[in-house]
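For reference, the structure discussed in these notes is given below.
In this document, chain identifiers A, B and C correspond to the written order of the chains, with residue numbering beginning at 1 in each.
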């Protein structure tokens, strides 16, 4: 499906962010991921469990079920399933058919995120999760504040497109941080290394944007450099460093760097989960500026603008019955390379068809 | 369509409950039945008429039309149709084309119900309507109160599945009558005789459920036996008898029986009509307990729970693009046999394709 | 699609009313026309511009964009397009790919209407626009007041059907002007000349309808004659002349004529734009009666009735999965001839397939 090839949705043998860790509790939470209903909860020992969201008996959604110890109870006929997905109780019979189990999804906690593997569990290698130290998420120089979440009414690739071309900032975000000196209009340097697309661009000499003046206690000219990393198929980290410029010598002296953190996970064919946070590598005293910034009106307005753009383009696709014309520009190179990686990942999985659940044979178990 | 074979919806050459008799008046009422719009009204002589709901001229829905005597007048161009569906007036011309008529559906009033035959009228044999004496609906020992109605946002077979496995009662209805001693967790005895599926199960010794204590004026141990009859493809009657147990001898002495009465009629592919009532074979003095019970908060809450479960499973089917995996358990035997009867009825009708209306040739009549 | 042949929607190489001139300003307005998003605005020199509504870069809807002089700026990445659709600025690069342009639609202002040509611009011959003098819209004898607009939730042909059989007036409009003497129940005289269907019918001797009595200052018997012109595929003008009848001699003496003015433009497959106005050829003193009448409760109620009928029939078509049976009557001759003209226009365009935009090749431009 647009902008990928027909019939292609998203790679499955990949790690995706399923939730903020803070979202997961002893109350089961349902989330559509890669077009599958998943429930997430914590055991009594605080382990996180990710299971298929529909009871295999009658398809009842389990999210409204109760936890009995570490087991989830189906609200319809009382079947229970353990953290590994195995059925532990069928009230009306003693034997439990082997097929009566929930699919269990490998998960891994990293930084403030829960990562999930929706594909073949045998391939769920945790070393494939983006390196969170390298990405500065757990770099000790940084203090990072996650927590923003949006269910976006548009297909996930549109959010990647958006994040991979920051030339939109001065326009789409004119009324938020784009009007505040954010963003650079230029064709960035783009490189690809395995599944990572890196873009860099810079503003060599601008007035310090007001919100940064406030954060950094500095009011003169600055150089600003952005390096954006897309760890396909899910995570984006934008390293945004600001240097004070000596008005006489023009020499740059680092003031500090912000980290703009994003994860995008396909929900359904036409909706996506969007997780966002902010970081800083300076001023480690309280209050944490990243946290204040992350939950600020400025960031909230900018995210609303991105969500709205995605919704509008999804509506354009619907109005055009599934495929819009597009002219790709030089600044779209990163987006195009990102799509190519996604497409190649899907193709490597046999068009994404290989891990689909087939409906069980509709014959009685006994 | 799930859970039947692809392309199979519902048998047409069968009787279905179209409405409570009390719903039908001199104001035409529209109801979708087997995916066809139907209008129902009473003639001046109080005969009930069931006609196709769209004017054959331009497809205008007739339900908002006026009755002129016993004729329905189309609100668009004033065409009139008699109780037999024949056109009686075309204001703009004298001759009436033979094809200009509404399909008329055979109907039969039984107990408080209007039954309708949506298939080939030549096959509409009233002896095929379930025997209402045998089903205790017009048994003189019973006083029965109908009147509950729901338009359920889920396919009709899900309601049959629900009614054919009462193991759901202690779970789905935990907060209504399931928490009140209702329902038995067990694999019932199931028998099939022609189009009737019979299930029986029992609670040999339980404390009298509070709502029954009140109804029966008895507070000790009871035995409770349920026999559920599914008269495919539409009606369910559950005979629910309660016996007082002598605490010393254990001997059972009948206290009385309740009747739980249900009819399920396909509306559209994804919606169903659900008609429900209650009966009693004891205490024939006023007030009628069945009527009080039928309209009680307890029953209303339980029906809401069934409707909600159906809606949720319909949503699961949609999320899974039409077909959910299912593991059938021993207690599903009755539901599976019920589906088999429905499937066989459809297959006997050539896949349900035989009685579809074809669009008329789009040529002018004159 | 119903009531045309499968796959046929609407002819493209034709002029359609896009808007009232008064609707178009320096704030871009989006309108779906023939299933394509179009934006309409005025240049600084007051020329009207009609451009494709989606940015060719990423499909962002341009209607929320700002005008920079005469150019529209895309709110996403700041691309600008001139009144001819050519891209005038790509902020991130100097060269502009030739393919990066908006389709520009030929337009023509006539009377109070903006006409648009959605097909091949090379064929956009303004002499194909219905003759507005002949149609009395700019006839000096007439004062005409446009301005009513509805986005109708039904396919456009249903509105043509409605306008081409005025036998609906005494029924559908019973509570508005149909109850006021409007409409004649009769099979009209129908003639076809090229793309114009003409129907005439008359009421030789009726009491002067109350609203006309008031307009004309006359209270006796009148003869009323209607001649309805359908200029396929878009415009209808109904010339409605009223003559005073001498009660003794029966001689008719013209009192005046009303003009009922309509245009119907396909929006999407299932929605249509409906433009309506009224005219008069008498009493050219202020206030303009046509204007008062056009915005009266009577006309507003009647239009609501037509819109509602269209919506209901569209719902019938949906309930019948795309095609309703229909019996065509003698009075449907004009509607059938109208459909035949539409069908022939589409067929002449190779099934309407010839002017579809194909999605651009999804390769980067440089």
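Note that contacts are C-beta pairs under 8 Å (C-beta built on N, C-alpha and C of every residue); 3 or more make two chains touch, one makes a residue touch a chain.
Everything numeric in this text was worked out from a predicted model, so none of it was measured.
Chemist: What's the call on chain A versus chain C, same or different interface residues, using the half cut on shared numbers?
Modeler: different
Chemist: Rotation angle for the CA superposition of chain B on chain C, to the nearest 5°?
Modeler: About 120 degrees of rotation relates the two copies.
Chemist: Taking the mean of the C-alpha atoms as each chain's centre, how many Å separate chain A from chain C?
Modeler: 47
Chemist: Give the residues of chain B that touch two or more other chains, as numbers and ranges in rising order.
Modeler: There are none in chain B.
Chemist: Considering only the defined contacts, which chain C positions touch chain A in the complex?
Modeler: For this pair, the touching residues of chain C are 32, 35, 37, 54, 56-61, 73-78, 90-93, 97, 99-100, 268, 357-360, 362-366.
Chemist: Which of the residues in chain A come into contact with chain C in the complex?
Modeler: Per the stated touch rule, the residues are 2-3, 161, 165, 167-168, 170-172, 185-187, 309, 312-313, 315-317, 319-320, 323-333, 336.
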